[in-house]
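Below: one structure in structure tokens.
A, B and C label the chains in the order they appear, each numbered from 1.
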Amino acid sequence: MSSSPTSRLLFDDPGPRARRRIRITTAGTLLAGAALVALALRQFAENGQLAAERWEPFGTWPMWRYLLDGLWSTAQAAAVAIALAMAGGIVLALGRTSSSRWLRWPAAAYVEVVRTIPALLLVYVVLFALPRYGVNMPLFWKLVVPLAVSNAAAFAEIFRAGIRSVERGQLEAGLAVGLTRGRAMRLIVLPQAARRVLPSLVSQSAGLLKDTSLGYVVSYAELLYSGKVLANYNHLLIQTYLIVALIYLVVNATLSKIARTLEARQRARPVRAVRDAAPGAPAVKTS
Amino acid sequence: MNVITDHLSEFGDGLLLTVELTLLALAGALAAGIVVAAMRVSPVRVLRAAGMAYVETLQNIPLLVWLVIAVFGLPEIGVMAGLFTSAVVVIALYQGAYMAEAIRSGINAVPAGQGEAARALGLTFVQSLRLVVLPQALRTAIQPLGTIAIMTLMNTAMAAAVGVVELTAAANRVNLAEAQPIYIFVTAGLLYMALSAVFGLVTGALERKLAILR
Amino acid sequence: MVRFPAGMRRAAVAAVAALTLTGLAACGDSSDPAVPGAGGGTTDDLLASAPVAENLPAGSAMAKIKERGELLVGGSLDAPLLSQQNPVSGEVEGLDADFGKLLAKYIIGEPKVKIVNSASETREALISNGTVDVVLQTYSITPERAEKVAFAGPYYSSGLVIATKADETGIKSPADLNGKTVIAGANTPAIPAIEKAAPDAKIVTFGSDPECVQALKQGRGVAYVQDQAVLLATAKQDTSIKIQGEPFTTDPYGIGLKHGDEQFKTFVNDWLREIQKSGLWAKVWKNSIGTVVEGEAPEPPAIGSVPGS
């Protein structure tokens, strides 16, 4: 990362004076950072939050086993929600790019409506509204269904960007050799589109994984809710949530590293990678 | 529809709080985003690393976890802030990471000649960033920033989980009292859609006026 | 996936070794002495002496449960002293949880319970569509609810109390909460109760009991309203928190059953009377709430004594 294209833009190779200024800024930054951390740690310790007995329980396996069980539930919920949302996204994207307005309009309406409604509101609908009308799903689905509904719209936009990026000639060539429109889409356009938007798909999926923390509201025992139950048991609220945050960080950092590797590999290929609406940011919404 | 008219004040207060949360958080996020993006393109390696660490840490932990940690953890390091303030700051810092990435892409899209010209005039790093590169970068980044604005609006709902009675929490409370979920949640949904539409219009207008097509 | 520091890894190895040595995961062997209700491990003793029903009527709800070999209970995992999961053993402990196990033994012959974690707003639906057999979750008997579910019991009578910081002197009764900020658990019965008893109080909600306690200590509200049993446990181990006055509501907890199943209701009520008479009820109390409250178990409430039961 030392010589990204940006460094060409904003500064040249530093001369002696610039090198001195850089050294001074470096030292200043490090000092300020260290002072801030030290201050926070001191306050934290003064409030007794660093006391050994408040951290010792996390040196025992059962605590970790409990939280890792939660992480496993997070993974399950995320996997199912991602699968459903992607399937829904493909259908919606095909709808929006279809030649029939009877397919185009409903698909567009779904995407435009759903992408402006918070996932938490959908969760509340599933929790508190649907049971009154006889729809009472198991907790797992109460978390997965609203996440899939909401993320399907985001995936639809990603797939649509991918489909639009495939040159029209590809589809026309398919039609010319006698394929139906559906088969041409499935065999020629979609595979190319999916490959081009792969990085966006991965980052949207990572966002969905973070959304499963809404299990905290649903009381589905994913990682954050497991942390809540654990904190109730050991009365170590802050320590427990800090550990939970650490687990999320490790897992998601690994996933985003994978996404970056995919993106880099794609850039090396001749196929042009499509970046969706917001370069570097997910297409529609993640939380 | 009586449930809505009977609880207009709750919905109104919730809506107002959601708007306040969103606008304040967006302002904070833009500031944080600019600072972090500047750090990530600076010649000082430590600043670049710090900027990268900021983006990675903020983006890889769910917002809900950040909110819970901030509300209960910050008082333990001597920072005692109200629930609303805590929520604004956390959402601003969280969205700031996304803003930073969008702005950085915008900076990368500025032609290298612009930077070289700025340096040829004798501008320092900060000057060339502030006077030449950033104005162009922000104008390129209007559309992604608009997307992040809507994402911020959606994410203010998370503040409901830490006791801020914004629109989603208000709807939930009215429903607990009245048990008329369809009317109540549909109303809340329509209000969110209306707010998003306003953001969309503003972004569109800004883009028509300012965007640079490359 | 997660790398443990060397010290932690050693501790984990030691913990695993210790567990292996003591045989089954000894649930009393918690590393944290501050945990209420986790000590003793007397649930096993309770269960050993628990009664088992003789010949269940064919085709009844009880016979179906016995055939399945598992009692499906709607409950919580995060209510200390009542129904709290112990992460060490995986067992759910507390008053409600113990009653669930005893009922399972009475019906099936073995204390086989599966707790279905239920968000507190959907319990009527859980029972009516058969997701659970019974609900044991601080489920207050009210005539309105009794139109949708049948209630056996009451099996325990509790109430909401007000907790404040220990140095607070201005709050003695619910009326003192008017004009002040009051903390309550999200979606708990405390919210309507506060609105009724102190209409001018500002209510702020948090997701769990420790969060509410932390919020109270950090001054995000001057008082915290919660079930008496839960707050007793908190005040017992945290001297910076104090309970002010007596409970200002009466919440008779019932066992929720399918509406209209009189046979099951009579069956559960008979079982409750039997364990009350045999002293098992008092032992359950001692094993949970009795770990934080001094003295002998209170007189259990009379079965069918409240409207709706």
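Following the convention adopted for this analysis, a residue touches a chain if its C-beta (ideal position, glycine included) is under 8 Å from a C-beta of that chain, and two chains touch if they have at least 3 such contacts.
Protein names from UniProt, one per chain: B = Amino acid ABC transporter permease.
Keep in mind the model is a prediction, meaning the values are calculated, not measured.
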Identifier of the chain whose CA centre is least distant from the whole-structure CA centre: A
Winner on C-beta contact pairs when B-C is weighed against A-B: A-B
Centre-of-Cα separation between chain C and chain A, whole angstrom: 36
Centre-of-Cα separation between chain C and chain B, whole angstrom: 41
Gap in Å, rounded to a whole number, between the CA centres of chain B and chain A: 16
Interface hub residues of chain B, defined as touching at least two other chains: 68, 72, 161, 176
Sites on chain C at which at least two other chains make contact: 121, 207, 211, 214
Residues within chain A bordering two or more other chains: 128, 132, 216-217, 237-238
Chain C-facing residues of chain A, complex: 56-66, 68, 127-128, 131-132, 134, 136, 138-139, 142, 216-221, 228-235, 237-238, 247, 250-251
Chain A residues touching chain B - in the complex, by the definition given at the top: 1-2, 4-12, 14, 18, 22, 25-26, 29-30, 33, 40, 43-44, 47, 49, 113, 115-121, 124-125, 128-129, 132, 206, 210-211, 213-214, 216-217, 224, 237-238, 241-242, 244-245, 248-249, 252-253, 256, 277-287
Parts of chain C lying in touch with chain B, wherever the complex brings them together: 121, 186-187, 191-192, 204-207, 211, 214-215, 218-220
Complex contacts: residues of chain B adjacent to chain A: 40-48, 50, 52, 56-57, 59-66, 68-69, 72-73, 76-78, 98, 101-102, 104-105, 107-108, 110, 112, 114-115, 119, 125, 128-129, 133, 143-144, 147-148, 150-151, 153-158, 160-161, 168, 171-172, 175-176, 179, 181-182, 185, 188-189, 192-193, 195-197
Interfacial residue positions of chain B with respect to chain C in the complex: 68, 71-72, 75, 80, 82-83, 161-163, 173, 176-177
